[in-house]
Amino acid sequence: MATETDTTNIDARRLVHRLPDDVLLHGGIVFSILLMASPLLLAVIMSTQSTTEVYQVTNLGLGSKGLSNYSDALVNYDFSTYMLNSFVMSVIVVVGKVTLSLFAALALVYYRFPYERAVFMFILLTLLLPVPVRIVPLFQLMADLGWTNSLLALTGPYIASATAVFLFRQQFMGISASLVEVARLDGVGPLTFLFRVLIPMSRGMIAGVCVITFIYTWNQFLWPLVVVTDKSSQVVQVGIRYLQGSAQAGLTQWGLIMAGAVLALLPPLVVLVVLHRPLLRTLTIQQK
Amino acid sequence: MSDITIQNLRKTYDDVRAVKGIDLEIDDGEFLVVVGPSGCGKSTTLRMLAGLESVTDGSIAIGDRVVNEVPPKDRRIAMVFQNYALYPHMTAAENMKFGMKSASEFSRDEIERRVEDATETLDIAHLRDRKPKELSGGERQRVAIGRALVREPDVFLMDEPLSNLDAKLRVQMRAELLKLHRDLETTTVYVTHDQTEAMTLGDRVAVLEDGRLQQVAAPQELYDYPTNQFVAGFVGEPAMNFIPASVRQRGDEHVATAPGLSLTLPAGSGLDGIDDDGLTLGVRPEDVSLVSNRAGVSESFTAEVTVTEPLGELLLLHCRLGDEEIRVKVEPRSRIAAGDTVELAVDTDRLHLFDSDGDAVYHSSVPEQETESALAD
Amino acid sequence: MSDITIQNLRKTYDDVRAVKGIDLEIDDGEFLVVVGPSGCGKSTTLRMLAGLESVTDGSIAIGDRVVNEVPPKDRRIAMVFQNYALYPHMTAAENMKFGMKSASEFSRDEIERRVEDATETLDIAHLRDRKPKELSGGERQRVAIGRALVREPDVFLMDEPLSNLDAKLRVQMRAELLKLHRDLETTTVYVTHDQTEAMTLGDRVAVLEDGRLQQVAAPQELYDYPTNQFVAGFVGEPAMNFIPASVRQRGDEHVATAPGLSLTLPAGSGLDGIDDDGLTLGVRPEDVSLVSNRAGVSESFTAEVTVTEPLGELLLLHCRLGDEEIRVKVEPRSRIAAGDTVELAVDTDRLHLFDSDGDAVYHSSVPEQETESALAD
Amino acid sequence: SGGGDSPTQTGGGSAEQSGTTAGSSGAQDVSVSFWHIFGGELGQTLEDMASEFSQQHDGITIEAVNNGGYRQNLNQSLQASRAGDPPGIVQIFEVGTRLALDSGSFTPVEEILPEDKIDLDDFLPSVLNYYRMDGTLNSMPFNSSNTIMLYNKSAFEAAGLDPESPPRSLAEVRQAAQTIVDQTDMESGISWPNHTWMQIEQQFAKQDQVLVNQENGRDGRPDQTFFNSEAGRSVYSWWKQMAQDGLYLNPGIEAWGEARQAFLTQKVPMLWDSTSNIVSMQSGAKENGFELGSGYLPTPDGANTGVVIGGGSLWVPDALADEKKQAAGEFIAYVTQPEQQARWHRNSGYFPVRQSAIDRLTNDGWFENNPNFSTAFDQLQDTEDTPATRGAVMGVFPKTRSINEEISVSIINDQLGVEEGLSRMDTQVGEALAGYNGNYDGSE
Amino acid sequence: MSTATKPYDSTLQAALLLLPTAAVLVAFLYYPALETFRLSLYETLFLGQRQTWTGLGNFVSLLTSDVYQYSFLVTVAFAAVVVFGTLGVSLLIGYLIFSVDVRSSVYLVAAIWPYALPPAVAAILLNFILHPNLGIFTHYLELLTPFTLDWFNDGPQAFAILAVVAVWKQLGYNIIFIVAALSNIPEILTENARIDGVGRFRMLYKVYVPMIAPTMTFLVIMNTIYAFFSTFPLVDLMTSGGPSDATNFLIFKLYRDAFQFNSLGLASAQSVILFVVVSILMYLQLRFASGYGRYGG
């Protein structure tokens, strides 16, 4: 299958011996990876330090506060609320988007209906309309609907997407035509076909779309910033913004901020690490 | 009754005329193989039979019923695909059951019974709970056939079911399919582009080219009496040698001549009135031989060997005769090397003549001839 | 000097022993074909020759130089791959030049000259400026060969270079490769899994199985005198019939018996002292025949036909003999149907016996025998 | 106008009920959110006040929420009002006054104050006047501040300067800065966030120079600004020179934290800061081991017409349900009570806005014992009442700040000349004013 | 694709299946987008509650405004730096990983994790690490080099810092594609080069880069879109557009005009201009995607 590219599925023979410069290569990789990760590692260290310790710039030891910056962020600075909001928002968008897109792709790939191409183009064209292109009226719309500060406003605009429809369509079209024809010969109904055949056969792709969507949604910043004005409904990315203002004895509490940042990064990072395989496969299909 | 009657069948895609008018009758219980080069319209024809493709023109009847407008599931057919078309996430048994469950006209027990029967017939009972990826190619194809079997159809349609298998397995599955057909006697239409498969499987073979039927006949008849140059060249490996020739009537006899070659043609149908230049003489590689092997041959000719290919059971010579290359099958242990000049003769009982349109105008032997048989008892 | 000497060559991947000790001498200018089933270690061996794979044990010498530790680029070899390995973004000419340019030991003119020569030799001068995707499969393979040519290597290594081509083209390229080799006389090691290719191309053929060499011999010798059952079964299509048999000495004669069959073996090397049960009698399908066709055969036997496969030029019978199935090639127009019982005899000059280890202990004909030749002049 | 069609607005029914709100255990709880801008200790103080109030007032819960900074609070409350889901009380900075008023999103606070509990005459007139437009008090001054200069007495002493007499003119600042940089290992001489509140708004007031025409915008909609005036040029020329000579440590645009940090970590000996932060600066100084001093905001030539009121006031959105407005009014009255004001002052440095609170503190000897706290107050008391010190009013004030601060960077980085930069401010703000006015008039 | 593989032909069912998606797209994408076009022709105050028709006035004032022109300029420059910076670094790291052993998912995951990195977090982390006074990186940089980091005040530095953050955050995404593309290059091409003795570096720029050109093009487009649209949190949390407007990118200016300065009409006009930018980018992507054939194995 052309779609099974890459990284996850590489011929065992790739392990060709390349010893002479192996050490150099590994060194190079480890160096770049460490360099890339260093801000995060430093942040983790700093997140255990007290404000005074942070201000001793070269103090790179684990700090005296242990995890208390984290509990402080979670309890006193409402990060538990923000995280929960982010989580609920992300899960709703993931579930909603996957469901809606599966239905749409089912129709696009397996139904004969007038103006098929036009309908597909109609969906695809929304790629031209990222949030910034419509943010003002979208905000007004939410205001008019009275949806601001609600999950509806946070999730609604994300719940349908050209990308997911496109990916599922691509996936379905990649399913061997003869499998479809077998179903046709048997007279299998569309929903049976979707649930018994398409979904089980698209598990990897669905997982990939879930990961992409989760990370994408979790990382949203601008839209929640605009549409949520009530702190208790705010998501964690914007929550970081609130932390920035916190000061103790006139000094910014960087330890606390770092703890907040690490918290805000953790869920998408975990999702990525655990599900990187389907993610990689799905992303590379998106390219086409 | 599950004979099939196809009349003037046509299929046009936007601008492609894939099938250009086919008339064909398939008897109840017959195993008909449709063969032809890639893109000739085999699959299209089969898919119209299945109802997967709409019919542009003409009609298809299964039994007494014209099925042009009948949806696939109601045609009482089952189809087997080249790539098995098994659902990868279901076990063998689930694959077999899935279609029937969807149809909902079968009871649980009925479904179980049929799957039981089919797995037994195909000797795959032990594979019931494996998923396709845990099966070998041959086993997968067997499951796919099993899935067709459980529907107990009137007609089996198979589109190159063996072409994904390796050579050994293909030969073996071929034999199994033959046995299965002998047991079930279900009308079967089998599409392949492999002439060996066509020859060995079919009660009759239909040769298709460019959307048109070229010949429908029993395998050996196809080999011995091709109706045109296309069929002659398509069937047989290596292909029949074609030599541009002219035929002149000399008294009672007809003599074919080509550069370096002159042959008196045995009397036969079609020779009357032929006195022509633009003809093509056809002779198969095994019907040319080294002269020393055939005593008393008058009309021998010489050719230069350009390449020798030892195939073990025989030696294939590529020889230059005039401007043409002809292939000759000779004894495997002949000591012949490239560059040698050899003396050759043809089996005059196995000559074919084609006119400039490619139509066969003459075969040197007569179709209805009796062949000596070697039956014991 | 570019003969190759391989001694006790071994290759082990983590837990897979891919090559298990090969000794082989390849003469300067020889065309050696390595053949064997998938996974037997052909590619691995070739890649060790090329230096793409490190050698686990043993040694490889090209000419007088042991090359085990020599990097690929310094081995004076060129390799042609199955899927051409052309750089898609470079034209044919650029593809040919790229490697040489990198080597930087060649002058511009030298490079131009060589490419010129190669394109001429291969008749692809007109394709120079096309990119791979604008070339057909055969043309691509020609460019790939051209790229190997320009390096003017001591040894060509080819790994299934034709297996991506369709049947017709494969046959044609095969002939071209032969001609090229005849012109250049460069030592060539050619890997394939296709026995026909092996037979027709090789000066000698090395049969590999499971990481071990089974036999190295000229093609016809391989066919006629396989050293073991594996080679016997691997070469020839359909494969040799194997019938479990016991051989008893009766006075001067040795008689082989199997259910339904009893054969007096012609005297031959290896029969002395054989008086055994666990033997296997080997006879090729074309060496079995219907009795009526061979007059005066005493030791005939009968078998039931289970399947008939008309192949056009012959009819292949699957017959049941005792518990065994044997395949028999008979006259194409024989009127034999499945279920018939036929009387058969074997060509006693073409019998083989294998012991329980599969080693050939006896061939009824003698290797050095002269074959009658049919040379004119 | 905005929020008028809010679905939450109920008619007279709720007015009747509101009579029973205070002190009674009403059936329904009114919960009012209060968006403020404080983190840390100040935020804590506010939250304490809110919860104490909630405890004392059955049926009312005030939820104090730190909603980021002033800009965010203004924008978000406008957005929330637009969306019909406004907070109960919003803290908005002084320069947002005109915009908030024009937006029509807020109810004049005097309409909802429980009259029996508040005595407007007790409030400092200078403060009330800032927030009173066309005779109406639109918002309740709560946290009022001005700019003072903090300095590191220990460093002054170490450099041989008199720690008890901080520089009063910009030239003196420069001298002190130079001396300290030369004498000690301090990095630079002075710091303050690039914030027009200090370098323009306060400096102009001190030099009795209005920012905009129409009597600083109090007599009508202004359409012209005076940044490129003598007052502006003298401040900016000095500032630019300080920066060029490495005597000014630039912490960034509105970067309060960075500036304070530089001061507390003793990179600079002087800091211009809001009085609002005295408490934490005092404890910060102590933690970092130096003695904190404070003085009036220095000006060119030591001119001192006075300062403008800074800080924020409390606004109540119009779209709020009546009983919530009522509750908000109760709370606003509560936090401006003299004892709360005194407490607020002690915990922050914002000066009390009521005379009685000031009197109470004075009587307690607070100002005597805490000279840094009195500096701000004294500076305020020293202020003459002129159009310049009454403060400018314009709808585009927040944007003006952004424009000016961006241009300030270019000036002190020497990408722009002083005049060039100041007149660019005049142009850009002028355009913004024109756009705002045109639009505003157009639809009325 | 053959229409023959479409087993269902009930238009009604198809419509029902498409309805939810279509409804969401119309309500939250098409309608607001059209509304953006409409609003761009008005001058507005207070979140659109006061609107005055100005025709193309907003566009005229944008296009003639120094600030906007400058913003456009820095955005384009920023996109260029981010696009090529990201590609360069990712190519290097991707190539290293590919060269070693692509299956090693440990390396791979360790290199692509920034894909999960929220831009806001990236901004905050580097804001701290590179803080002019507190940043540990700053500290050592200033210790070891004569260079001083003062990006709170120095426009070009702020621009560079944001570029670093933007590149860092985008590395994961790019490495994913580059490693995948490299892995798709048939191994035999590499082996062939080994036989010819082609050097690693020459191989990279003569063979690998041209061969993954389609992927690189795709990444150029995606990175451009990213640089234009997704870097808002960086600006908002790190520089607020400053200093000297050096980081006042289009998206930030749009936000500020809309939600801080209440000029929705003007902001809508900016949205329209951004729309034109995305459209051009998408068009280019389609052009290039079809222009390059995909190289098979």
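Read from first to last, the chains carry the letters A, B, C, D and E; within each, the first residue is number 1.
Simple rule for what comes next: a residue touches a chain if its C-beta (ideal position, glycine included) is under 8 Å from a C-beta of that chain, and two chains touch if they have at least 3 such contacts.
Here's who's who by UniProt: A = Sn-glycerol-3-phosphate transport system permease; B, C = ABC-type D-xylose/L-arabinose transporter; E = sn-glycerol-3-phosphate transport system permease protein UgpA.
Keep in mind it's a predicted model, so treat the numbers as computed, not measured.
Student: Quick check on the contact network: minimum steps from chain B to chain D?
Tutor: Minimal hop count between chain B and chain D: 2.
Student: With one step meaning two chains touch, work out the least steps from chain A to chain E.
Tutor: Counted as steps through touching chains, the separation is 1.
Student: Select, from all pairs of chains, the pair with the highest number of C-beta pairs in contact.
Tutor: After tallying contacts for each pair, the winner is A-E.
Student: Taking the mean of the C-alpha atoms as each chain's centre, how many Å separate chain B from chain C?
Tutor: A distance of 28 Å separates the two centres.
Student: Using CA atom averages as chain centres, what separation in Å is found between chain A and chain B?
Tutor: 55
Student: Between chain A and chain D, what distance separates the C-alpha centroids? Give it in angstrom.
Tutor: Taking the mean C-alpha position of each chain, the two centres sit 40 Å apart.
Student: Of all residues in chain C, which are in touch with two or more distinct other chains?
Tutor: 52
Student: Could you list which residues of chain D touch at least two other chains?
Tutor: If we look for residues of chain D contacting two or more partner chains, we find 79, 82, 258, 261, 265.
Student: Which chain A residues sit where two or more other chains touch them?
Tutor: 16, 55, 139-140, 143, 181, 183-184, 188, 226, 241
Student: Using the touch definition from the top, list the residues of chain B that touch chain A in their complex.
Tutor: For this pair, the touching residues of chain B are 50-52, 71-74, 77-79, 81-83, 85-90, 98-100, 102-103, 147, 151.
Student: For the complex, give me every residue of chain A touching chain B.
Tutor: 176, 178-179, 181-189, 192, 196-197, 200-201, 203
Student: If we count contacts the way the header does, which residues on chain A are in touch with chain E in the complex?
Tutor: Listed in rising order, the residues are 2, 5-8, 10-11, 13-16, 18, 21-22, 25-26, 28-29, 32-33, 36-40, 42-43, 46, 54-55, 57-58, 60, 100-101, 103-104, 106-114, 119, 122-123, 126-141, 143, 156-157, 159-160, 162, 165, 173, 177, 180-181, 183-184, 188, 190, 193, 215, 218-219, 221-222, 225-226, 237-238, 240-241, 244, 254, 257-258, 260-261, 264-265, 268-269, 271-273, 276-277, 279-280, 283-284, 287-288.
Student: Going by the contact rule set out above, which residues of chain E touch chain D in the complex?
Tutor: 43-52, 61, 67, 132-134, 150, 152-155, 240-245, 248, 256, 259-263
Student: Within their complex, state which residues of chain E touch chain A.
Tutor: 1-11, 13-15, 17-18, 20-25, 27-33, 35-36, 39, 47-48, 92-93, 96-97, 99-103, 105, 107-121, 124-126, 128-129, 134-136, 139, 168, 171, 173, 176-177, 179-180, 183-184, 187, 191, 200, 215, 218, 225, 229, 232-233, 236-237, 251, 254-255, 258-259, 264, 267-268, 271-272, 274-275, 278-279, 282, 289, 294, 296
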